[in-house]
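Multiple structures are listed underneath, in structure tokens.
Shared between the two complexes below is chain A, which pairs with chain B and chain C, respectively.
Our next item is the complex of A and B:
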């Protein structure tokens, strides 16, 4: 009887899975991608957590938020959505409102933004955030972007950087370039849409002041927002317009705000792409215009004249190792800490372009949360109703240890994402 | 609808697969044609620019594909048969040509090996 019941349940589950699969198959390719990548930022079943301060400009200035949970304001959420800073695999969908813990690293990042904003001389900080998988690298980028928006910076984020190199969008050679460079008009238009949506109010106050010979239409005294909108609608003009807008934004001027230029999953851009040239040789990612543009800024070949920050983070999960990239980061980190590290393999060829792109960058290693921070975030999980355990010292210590010394993604997995974690355990 | 080598093709089809639908074009040739015209592997036919389509059509016009290729293959087999060679005779008998066993497992040979080979 019992076995038969189990069998029926299994059959039912299998039918449900098959139905879900079939429903997915009914969607077109692009719709399937949309469903797969959709970002859900609210959970109506989670409890409202009271007493969490909003992440406002004032809160950032006061710096009393270290180690505390903060909640993103709706306006910031809209801007972050526009620059695609949220990732679908982050745990936003479990909670009522998008909130996050301001770790020491996040506060350090906010301090750096403050230093650049208040500095007399414009300064360009170039940082690569590294750390284990799910240690919060992408969230740190998101926190930096949120803080930059609150401080009135211009933000440009390269969303889904893998889309640039996996040969999923059109490409075309740029005439008269050596080595040949390749443009991706759709991606340029996408970036301009992002710039116009996320930084609209700022860009609509700024007008063109320079001459741009590549623009073939009358643009004098038009606002940068209008230029971005034009480029977003017209793929053919997107790259020249992007260059023009960037030139205007990086022209030394006391009224132009600093720029935050970020790229997540940057390791995808440190190897030959899936595109091929007419001889069927792979095109190096650094030959794609937008990647090259980012790398020029990451390497310091181009500086942000009004100050700013170039921020990148590799993904540590599910990707094959890129030897030159990993080696460079190891060497830089060792130098920063005053250590020495092993040299490059004498018989292996290093990717010179990757080495050049990482020259002089600062490496910021993210470690797990400390116990106090872990306690704060576990309390938040419990207050949201997503964790039904008593959060005391023993529980925090247990989960902190199991999560590999406070890896925040693992903490979430152990407490929120695990169904068994919701049932009170024997010891509570 | 998109015209490729004189044939109306569904625009929603992948360019790579549309090319492979021609007799004589497989994955490798299709990839070369795409790369030569800077078409990414996931491009749909409808998304191709006029210039790219024209270039593809020109390339296809200069290649021996479809009936031209079939005619050539048939001609080659007929020549072997006319000369009375072993390979020609084996083709005519619908038996394996290259020394394979005939006791069993010769269905491919039965299907394909004919003087008037279809494709």
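Our next item is the complex of A and C:
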């Protein structure tokens, strides 16, 4: 009886999978990509969790949020959506509202933002967040972006950095550049759309004060929001307008807010791209204008005159390993900790441009959650109705160890993403 | 006057109506070595029968020679000695072994030594594991063709295998659960930190080898856990390994397809 029931359940599941596959087949290529990459931030079947504070400006200022769950405000969610800070493979779709745990690293990040905001002298902090897969690097970036929005910063995020280099969008050489640089007009327009949508209220208060010889239309005294909108509509003008807006934002001024410039999956930008030059040789990613722009800021060649933060995080997926990049990060981390590491392989060629782009950056290693934090997040899963076990010390300890010493993505995989709850075994 | 005294006195007429019986049963066999041995033992047993004994369970464990070794040693190879006969010898030896050790006569000890195997497996006690100065205890485990060494130290449940956390080492959750099964079965998941090196085989084998290695390391810290770990199946090495391929077969058992001539 029991086995027959199981078989029927399996058949049903298989049928559902087949149906979903068939439905996907009916979509066009771009529609399928849209479905695949769609970010779902709510789950109507999950329970509402009461007593979770909202992530407001006031909450950020106080230190009471450390180690607690916080819920993103709707306005912040809209801004985060605009800069594409949510990733489709993060577990937002399992819960009623987008909420997250404020880990020690997140609080440290918020404090750094606070220090930069309150500082007398403008300061540019350059950080690369590293850690094993699903340890929360992208979420930490998201938390930094959310905090920056709440603090009234300008945020520019390079979304889906792999899209910049996988030859999916048109490119063209920039005339009179040596070595030749390549522009991606669609991408520039995309970034301007993002700037205008996410930072609209701030940019509409700021007007052009400088002269921009590259702009071929009357722009005097127009707001930066207007400029962004123009560039977003006109691909041809997008890059000059982006430069102009950036120049305005980085002009030393007491009224201009600090900037948060972030890039996730940054290791995709640390190698030759899929684009080719007229000799059919691969174009290095750093020869693409927007990548070069980010790298200038990451390497400290350009500073943010009104203060700010350049934040990058690589993917820890083994397939994306860039030897020079990983080596540089290892060396920097070792130097920070006062250790020594092995030198570079004497007969292998290192990518000089990657080394230059990481000069002087700070490396922030993310470790797993501690037991208290793990307990908080498991309690949240249980309160959302997505985890049906009793969350006690034993349960937390076991899941913490199984999740590779508190890896947050693994904790979610073990509890929320499993199809069936584990039956208690004879020895528990 | 007894018949014996009469013969001694020179009167042999008595022998005509008496059947002479030899003193030793060995008189009737071609090579009386087995019987001699048995008689010798019987004599000693009789001699020390009154000495106090200890229960069988408390007597020192001894591995006696088997019948083949006995026959070789006493040169009784030509002699048909049945197993059931030899068990009489063993029975006496076991009885002698039960004499209180404090009162064990030299004569009995000497004769028992002659029947002991050269190698006494019961004397080979496993070297007990030790906890080193840093508080680490090591354990070794094997499964299929994997072997693991695990070091357990008191801690809060961190596990590193080959320098990697469990989640990176085993992508399959079932394997992770197998690896820490020894800790879970004894409710010690958050009591120890484990550092392990595992080599050879595949993921299943490596996880299984870790179970055993961690269990062995755990036993060093807490010997009382051995029983429950054995019940949980962590102590005994799983002897199943891949079966060898045979000639004439495609794999170990698979036969080639039948072909019509």
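Rule of thumb we're sticking to: the second predicted complex is superposed on the first by the 400 of 428 C-alpha atoms of A that agree within 3 Å, B and C clash if a C-alpha of one lies under 4 Å from a C-alpha of the other, contacts with A are read in each partner's own complex, and residues count from 1 in each chain.
Note that a contact is a pair of C-beta atoms (placed from the backbone, for glycine too) under 8 Å apart; a residue touches a chain by one contact, two chains touch by 3 or more.
Since this is a predicted model, take the numbers as computed values, not measurements.
After superposition on chain A, the partners chain B and chain C are seen to fit next to each other with no clash.
Touch criterion met: A:397 reaches chain C, while chain B stays clear of it. Measured by the number of chain A residues touched, the leading partner among chain B and chain C is C. In the superposed model, A:371 makes contact with chain C only, not with chain B. By the document's definition of touching, neither partner reaches A:335: not chain B, not chain C. In the superposition on chain A, A:276 contacts chain B only, with no contact to chain C. By the touch criterion defined above, A:171 lies against chain B but remains apart from chain C after alignment on the C-alpha atoms of chain A.
Of the two partner chains, neither chain B nor chain C is touched by A:211.
Of the two partner chains, chain C is the only one touched by A:407; chain B is not.
Taking every C-alpha atom of chain B against every C-alpha atom of chain C, the smallest gap after superposition is 26 Å. Contacts from chain B toward chain A in the complex involve residues 31-32, 35-36, 38-43, 47.
Every residue of chain C that touches chain A in the complex is listed here, in rising order: 156-160, 165-168, 173, 176-177, 180, 183-185, 187, 189-190, 232.
Put simply, chain A touches chain B in their complex at residues 167-173, 182, 274-280. Across the complex, chain C is touched by residues 132-133, 368, 371, 393-394, 397-398, 400-405, 407, 410, 413-414, 418, 427-428 of chain A.
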